[in-house]
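The letters A, B, C and D name the chains in turn, as written, and every chain counts its residues from 1.
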């Protein structure tokens, strides 16, 4: 067989071109991130706290946040409500299929910038009127991406890089309104897009099980949370259930988030409601429609937020207003395909 | 807060420089790989076969192969022996902690080129004399890498890319004897290494459980097999146990290799012997020492190979020569820390 | 047998999905078409969802591409990177997209109406995974009602790539060669893309629809296949399975 | 209390590992040092192995960095990319390397002896993960016997980076700033690296060892710390735990 050699034989001048003209909100520099991670505590201590305390301590005005799950599935609703309740301002958001999560944060006026792949919509359920208005009126500054691009931007950060190549977005307006760079492959000379690493200031992820140190298990699809948990500087975990460390050690291949990534752990049963928590409870479609309806007018939205978020002390208050265990029990039956 | 913008504002001329002078054995072009994957069968049919048949059909002289597991742990020994027994020639190998696997293939004279991160040694057990001799005498052409570099080269391929950036190897002779390229980050201007994607012609992975279609579960550490399975053009799976498809569907988060990646499935209980199969059986250290001893002289090695590989019909023959179930049962006890 | 236009589109779409292939779908009509294909034409068509579901036994229509149904008794509950990378690697044969506008090259807008990005007249969700799927999957399909505002060359924003400006343009932009739009299934006709120009071309006309109707409802000049055929209406078997098994609660087919 | 040089080196190394930190170790002495540290000084030191084991309760010394012991009742059984990326991201504090040669900047050779790469006089395994760990982990340590052939500036192949050619050279080469060699623990002394020159410097001398012995056994000119101290010999407690708990079968400490 011929002795083929696919290596680059001599130096080559190439050009990096901005492929998009929009703002890159977060510093992609891996060294800056390394500095942060260098000093990040690796203490293996009991990190359980309350949602209120975690948001107070770890979510600062101006922070850029990443939300786990997939819009209306396995989202950390309790923390999102608390961010609204504490009237956090000027947050940035990674809009990687941001549906109900985006809707909550925009309704609360918390977001002023967004890396958008999917926003405003609630998939098959329709569009959020208030989120749409906020974007149409320029209240939220947008840089465009795609779901894969944001997933890979997390991955680049999780890998400790400042960029990663990709092959989508090219040729479209999506890339023109992004902050990606056009480059070429050093080996093949083919055109590639360079995506900047995305290191969010804080990530919030809802999981099925965690121990008090923050070792976490997630059932069902992972979406992008393996990478998001590693990319984020600060990480807040809400969990359906606290389990002993021994439980984690019994099945170590199930640990997707090890404790040293985690800053706070809060047990919040039904913490993804009205979202769908795989194997536990289905989404409350009736209540999501109530949300969409309430958003038709600013006044009705304000009343709605007053009732369900500002007017209750915590997530338990919200769940009780929503019918408490009776309602949740029917969502559990739906999830498990129990026919009545 | 200031409106920082980390994007590239205008075009920039940069230089790609070969960082190493050695041969790049495999084509990193993602489009060439896409062409292959385009025509690769997605048939969900019973793919069970024999080790002999799989090697005959899927491992061609000259192929570049990737081996799952970690040198002496969860390696596909039965297939490696068959490759030797069938006297396959001029194979290339990804030497990502290649220990006993490398030792077997080199003893059989099957390898003529190797992307080397860790070769020749058997970790704490010592060095393989015949593997060492083959490399020292130039019988195996070497390009240097590191374990992470090879892991990421698989990852680049699994992602469908032709390259991926990395931050190790720089400044050393390791990189000078690699085929990596020095480049810079489009966002930070910092120096990076570009690693070429590695799409092996064939990968061989031993797993704990698979169904007849090739949906696989692996217990314990994954090493690089998630990416290797996706990077390879052809994929041979040996499994400790065949399970019904229903078993796979019961716990879909455990599927690390879906069927459409797989070309052949062979049930080979104890298929990693004398390697360590997590939770099932420990490595046979006595036999690995016997290997190292036999390699002291070419004649003793030839006798050894004659006895254990050429002289037996299949892997059962080898296991029987090694003491069969009595021996295996003691390795099972060792693995499970049963004290006698 | 009577049928509505949604049923017609789903049945027609289902026939284009070859057996033993992989398809990434979203919610709604595409998912219904894939489920129908599995029942009738392509028992080993494997359905994937961009959030990570791979090969589920769908118990009902999902409401989100990431809800529990998308990995119910699945072959794998993976991740978004896993599915997107499988697409980027060239392993995925089909995908379906939707959008507010489509032009004659199959470029799709699902981002905004208006020309000022910072003050869009109407803002839509954006790409989601659509741009990625359109970039990577070998054959992109679309199921949509057809009207002249939607089928327009005056497209405000190209969210997802069709053939961009014509033959070779995808490759010149850096997109993987050989992929691109395949079929557009509307309530009036089935459209493909002419090989040389990569422009949209009518391949079959639905029962009761005239050429003039199609022209009226298209904002750009259409090509017409030399082998123009009447669309085969849904069979009784297709309709039975679609109504009884795929979408018994008429979530999708009731939207007509 | 009597002790051999392997026991001495392991005990000294263990004292450098701060509690609440992460360390990637290999088999042998480094693993023993980390286990000893966990028992005495750093109960929440977390041990990782490059093949994927994270936070095991090690039941015995592993024979491979990927064997079952490395993830026995672990906090996570991950992957090689996971561990390497955790290092590249800057989350890992310590690592230990070995090698056939080391120079005054802490550059390590574990690849070959000789100058012709295609016909090495002696070929060793190569980097494995060593180069990666030396590039990424904040503090790299080495446990080794000291002799003039091993401690040489006439190093045949730089497998893993120390400070390369001195201060700033790692950064200039593109390696992450702030990382690098930290301590070299030998059978004669403990060496650090002088801040300005990044050259190896003796920090403490083991009981019964003379300066002359150290000089004789080093192939390059050493620096001497102004705060030069005698090395603290192993305590009875250290030896007890090392012998009874960490390495009861004397796999490592018996190698003296």
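Here is the rule we use: a contact is a pair of C-beta atoms (placed from the backbone, for glycine too) under 8 Å apart; a residue touches a chain by one contact, two chains touch by 3 or more.
Here the structure is a predicted model, which means the values were calculated and not measured.
Between the contact lists of chain B and chain D, the overlap consists of A. Set against the Cα centre of chain D, the chain with the most distant centre is C. Centre-to-centre, using mean CA coordinates, chain A is 27 Å away from chain C.
Once the centre of each chain is set as its mean CA position, chain B and chain C turn out to be 39 Å apart.
Put simply, the C-alpha centre of chain C and that of chain D have 57 angstrom between them. Multi-chain contact residues of chain B, defined as those touching 2 or more other chains: 30-31, 152, 159-161, 166-167, 190, 192, 219-222, 252-253. Shared interface positions of chain D, i.e. residues touching 2 or more other chains, are given as 71, 77-78, 81, 87-88, 136, 176.
Taken as a contact graph, the chains fit none of the simple arrangements: neither line, ring, star nor complete graph. Applying the touch definition to all chain combinations yields A-B, A-C, A-D, B-C, B-D.
Looking at the complex, you find that chain D touches chain A at residues 20-22, 44, 46, 54-55, 57, 71, 73-78, 81, 85-91, 93, 136, 138, 176-178.
Of all residues in chain C, those touching chain A in their complex are 26-28, 50-53, 59, 63-68, 70-71, 77-81, 84, 87-88, 107, 111, 117-132, 135-136, 157-161, 164, 169-170, 173-176. Residues of chain B that touch chain C in their complex: 30-31, 33-38, 40-44, 157-161, 215, 230, 245, 248-250, 252-253, 255, 258-260.
Those residues of chain A whose C-beta lies close enough to touch chain C in the complex are 69-73, 95-97, 99, 116-121, 123-125, 127, 132, 135-138, 141-142, 144-149, 151-152, 155, 166-174, 177, 182, 190-193, 219-227, 276, 278-279, 282-283, 285, 335, 337. Those residues of chain B whose C-beta lies close enough to touch chain A in the complex are 1, 3-18, 20, 22-31, 62, 90, 152, 159-167, 179, 181, 183, 185-188, 190, 192, 194, 196, 218-222, 252-253.
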